[in-house]
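One chain, subunit A, links the two complexes that follow: it is found with subunit B in the first and with subunit C in the second.
And now, the complex of A and B:
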């Protein structure tokens, strides 16, 4: 059984850079000086090898993937970069599948993965809703028959509610839904097919999942913190459909998206894709394992103006998810020609320095409720 | 790029892998029928979810039945690609008659796939 590593230890480094771990220096002790110097000279805070990424393009759709398991873990643990394509966010598919198909011998494992916990909760909720439906059906039936006095109705309602409450408590305390149900034929067929695609001839588990990086993450990890084995300028021109001799719409979008991404990363936020909330990015104070994201970011060109319904729609979605909507306006301060010239010369620092970021928080306000 | 590589990088294939190996669907297929829409080829996927989806049909024993999925990538979705006209064509040409809904499967540039129901006509909302 693996020992559980606490999150604070596992996610010690917020970005893929490490300060040197130097021993304590005792000023009056020359041996300590010698040891300190030795440690200083021999320690090394860069990666020994750059991380390899595969970049492929299909129908103008770009894929940036890291396939090495150790590299995937490295990028996730240090700043939560990338998404596992077959997981919720952290690439856990390999571990989970290994547990599912290869450790049936040791029976119950106590390492309960997040996905399993969620599955269990969902199952409980479905079961609860079924019960609730039965109760509602019963009440409706009684009402239709029409021989209920209002007092009787209240009494029955109260009784049924108590029953439901008790059902919910029982579920939680007994984990009654956590039993493996009998495997049906259909399920067996599915498992067989799944298994046939993930095992090689020698029954070794193939890793189907890679860590996919967003284009902005790829620029960040090759320009701001150069740890990927690609050149950011080459990557940018690959990303845009045309070469970088023309200031295209795609190029502009990519540049302002990156300017915003870099802005939040450099202010210490963990920035991840906001697709699930209909926004460009979401911001975590530290990272997904620690708390929910607090902010949804919409990246807009500084002179962009949208119809009112556009803002209210997004604000409502973010509000329901308990997040604050931030409109992040990015302004270009230099001419298109100047930007292109710098890009072609590979002077990315100058390129990104010519973008300015300004923010507006958009929040629904209700006169009667928001009085404090 | 070889045909096989090409195939494996397509969004249809990305959705297929996600359904088979993450969502645990069965009988997942990339459908043979296809249609041309604004210089793009649209192909659907079909498959059976592990448990009945919200508002979904079930067979007499309460098991989930086949659902259709329309894979798009987010960049496509932004540029007014999916219109009513396009959806009508999809329901008419690519689905079995009486199909009530398809599942829009949006593939994002970070590898996440998000799913949305698209109903033909008005439909009673979920409880």
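And now, the complex of A and C:
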């Protein structure tokens, strides 16, 4: 479990803007005072170089990408912003591929990526299910023959179950050793083919992956914590396609989505896209490597009333994933004209200040389980 | 007092009724710990055809046992035990002249003459169960027996029918369910709030002023924070400081979470709780099964139910404003304040017709006429003492408590959804993420991080 320790170092800062790194202050030592004061005056919170983002538009969709490897890592490590396009969420494609090439040439791999762990687990699960099917088939065969009393059947069932349990335990202990086996002949061939596409003339691995940011993340990183090299107002108008002279549905949605995003971010949550659970956001207490998300957030306008099926569908999905569904109602306190005027003048603070958030938890309730 | 006297007579009558006990022993043989020897339970998924007759035989045997048992049972009502109930069409209620049976303890209202008055849904429920025999009494005193079909035709509208289905569902599960409004003979106002709460206005004005002040202060402050150069000239020495400068931008609705705040919220909104036919309203009070339930002086309910038919076009799922109205009109054992089992706390905070429940109970105890009832009180005492035994509960660590608060929310009600005869429930609770801070504080580099002093925020300790 050496990984835990490295996590605390790696994810030390919860936000991409750091607090000042001041030296220790000894009350009785005047030199430490002077040094502390010097550090305090010379250091500042802002980043020295802003992070470059590429914004491209394809039809109705906007792509916000960070391409620099170091920047990608910076944004992921400090607050878990963005999603790697070729990975599960953390941009690990480059490392994965590098390791893969290394292991295919050296014949050994160092460490396993999370994606491979999942793959392996799924494989083991399939194997286990096959074993179980065999057992069930066997039992059925016996039952068909008809010379089996219920008591005998129970006994056999218990025996087989023990065997299965043992099989599963063995699988778990084999977990680490199993890792190299899935690089087969075919896989090697595929790798060779891939190689030509992803290496440059000098045989260096090209980074094909970029970190994609959600529009709300982009606003947060350019407006609340200005570390991206874009202007938030320009970005908002770009997002809504039409210029911001009209209070469109798109604009309203973006504004309430951001209000909710900022609300949770600013109270310390790690907010990430909830698309995997059919919701707008999911809230991690610290971040994906540390624990599962406990909450699914659906952002709604405060006057919104959807058909009942909509609520029950989402609640069911979130419930199965063991998450609490929060309906986050955002209320607009000012008129549309007022907000547009502020937007045009670039006063985003006033714009977002005129939104108010209210939350409601929606949960399935079963009468039989709440009697005592 | 009449109903209390009745209750004390009740056990003897019950005994007689219960003497004819159905013999279920043959059927109960089929409930076995061993899954192979017992019939699969409803809803169990491990059950599919396997081309053998094992399951079929098992089902057949179980069915036969059930039929055999039922065949030998006694059918019909014994005249002596028959409870005649009458329906009054003009008032759409039922009444029983001399009610006897367990149901009297939890259902209807008893007047001074000892007549039990029943809401229509209660009347129909009892008739359906066979507990009472429904009649229509004509003006010249002729009793016409009513069938269940007749009774169903007396429903006034769809909502009443939906409410009945939901009532019946909960009732059959053992809950005590009562209507929140339209009492038949007396207005019994059960409330968490004493009426004196809704009088004073000074505090409202004061609150308005402070809220305006806060708003201008925040907007001034935000103007400074969210400027491009802000992080070049501000000096933040810890992450919490950065978070706190960020979290003033978006205002949020605070959920009242203490007795004081609830009272405050109540008086602030008591004037503008409007109601129309379109908006949803609290229909039922629900108590968990409780043998010491007092019909005349009930405790605050455990749940409150809003009924909603998903297929009626003009009934919309509540918007946020509707939800807030519902939250403000709630009156139940707010379980985030105190464990619902703490009867001492709840008796002090329950008002029946504006009189504290504790006072009512004390009066009953002190009344010399009730001295003979002491054994009845005894049943309460062990319950209290067990509560006290349970009290020293393990204090959970602050971050777990916080997570619990976030997950459970505060005021809540149950939405009972009717969809073509199928009832399902969802619990809707007020949440408050704005009052909780969960940020991660990096291990200090030398100095201690300041603990923020906002009222309800807990410093997060994810790392242990």
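Operating definition for what follows: the second predicted complex is superposed on the first by the 335 of 372 C-alpha atoms of A that agree within 3 Å, B and C clash if a C-alpha of one lies under 4 Å from a C-alpha of the other, contacts with A are read in each partner's own complex, and residues count from 1 in each chain.
As a convention for this text, contacts are C-beta pairs under 8 Å (C-beta built on N, C-alpha and C of every residue); 3 or more make two chains touch, one makes a residue touch a chain.
Quick caveat, the model's predicted, so the values are computed rather than measured.
A.B. asks: Touching A:212, do we find subunit B (first), subunit C (second), both, or neither?
C.D. replies: It touches subunit B, and subunit C stays clear.
A.B. asks: As a test of reading the superposition: which chain, subunit B or subunit C, is in touch with more residues of subunit A?
C.D. replies: C
A.B. asks: May I ask you to decide whether A:264 touches subunit B, subunit C, both, or neither, giving the answer as first, second, both or neither?
C.D. replies: Second partner only, subunit C.
A.B. asks: So, A:141: does it touch subunit B (first), subunit C (second), both, or neither?
C.D. replies: The answer is neither, since A:141 touches no partner chain.
A.B. asks: Between subunit B and subunit C, whom does A:42 touch in the aligned arrangement: first, second, both, or neither?
C.D. replies: A:42: touches no partner chain.
A.B. asks: By the touch definition at the top of the document, which applies to A:23: first (subunit B), second (subunit C), both, or neither?
C.D. replies: It touches subunit C, and subunit B stays clear.
A.B. asks: Classify the contacts of A:84 with the two partner chains as first (subunit B alone), second (subunit C alone), both, or neither.
C.D. replies: Once the two structures are laid over each other on A, A:84 reaches subunit B alone.
A.B. asks: In the complex, go through subunit A and note every residue touching subunit B.
C.D. replies: Spelled out, the residues of subunit A in touch with subunit B are 56, 58-63, 82-87, 89, 93, 97, 126, 129, 186-187, 189-190, 193-194, 197-198, 208-209, 212-215, 217, 272-273, 275-276.
A.B. asks: What part of subunit A is in contact with subunit C in the complex they form?
C.D. replies: Per the touch definition, subunit A meets subunit C at residues 8, 12-15, 17, 19-25, 40, 43-46, 140, 143-144, 146, 150, 153-154, 157, 223-226, 259, 262-269, 285-286, 290-291, 294-295, 300, 302-309, 311-312, 315, 324, 326, 329, 331, 348-350, 352-353, 355-368, 370-372.
A.B. asks: Under the touch definition given earlier, write down the residues of subunit C that touch subunit A in their complex.
C.D. replies: 34, 36-37, 50-52, 54, 169-170, 173-175, 218-219, 222-223, 225-226, 228-239, 241-243, 246-247, 249-253, 288-289, 303, 308, 310, 316-321, 323-324, 403, 406-409, 412, 414, 417, 419, 424-434, 436-440, 442-443, 445-447, 460, 462-463
A.B. asks: Mind listing the subunit B positions that touch subunit A in their complex?
C.D. replies: 1, 6, 9-11, 14, 17-18, 20-22, 24-26, 48, 50-51, 63, 73-75, 106-112, 114, 127
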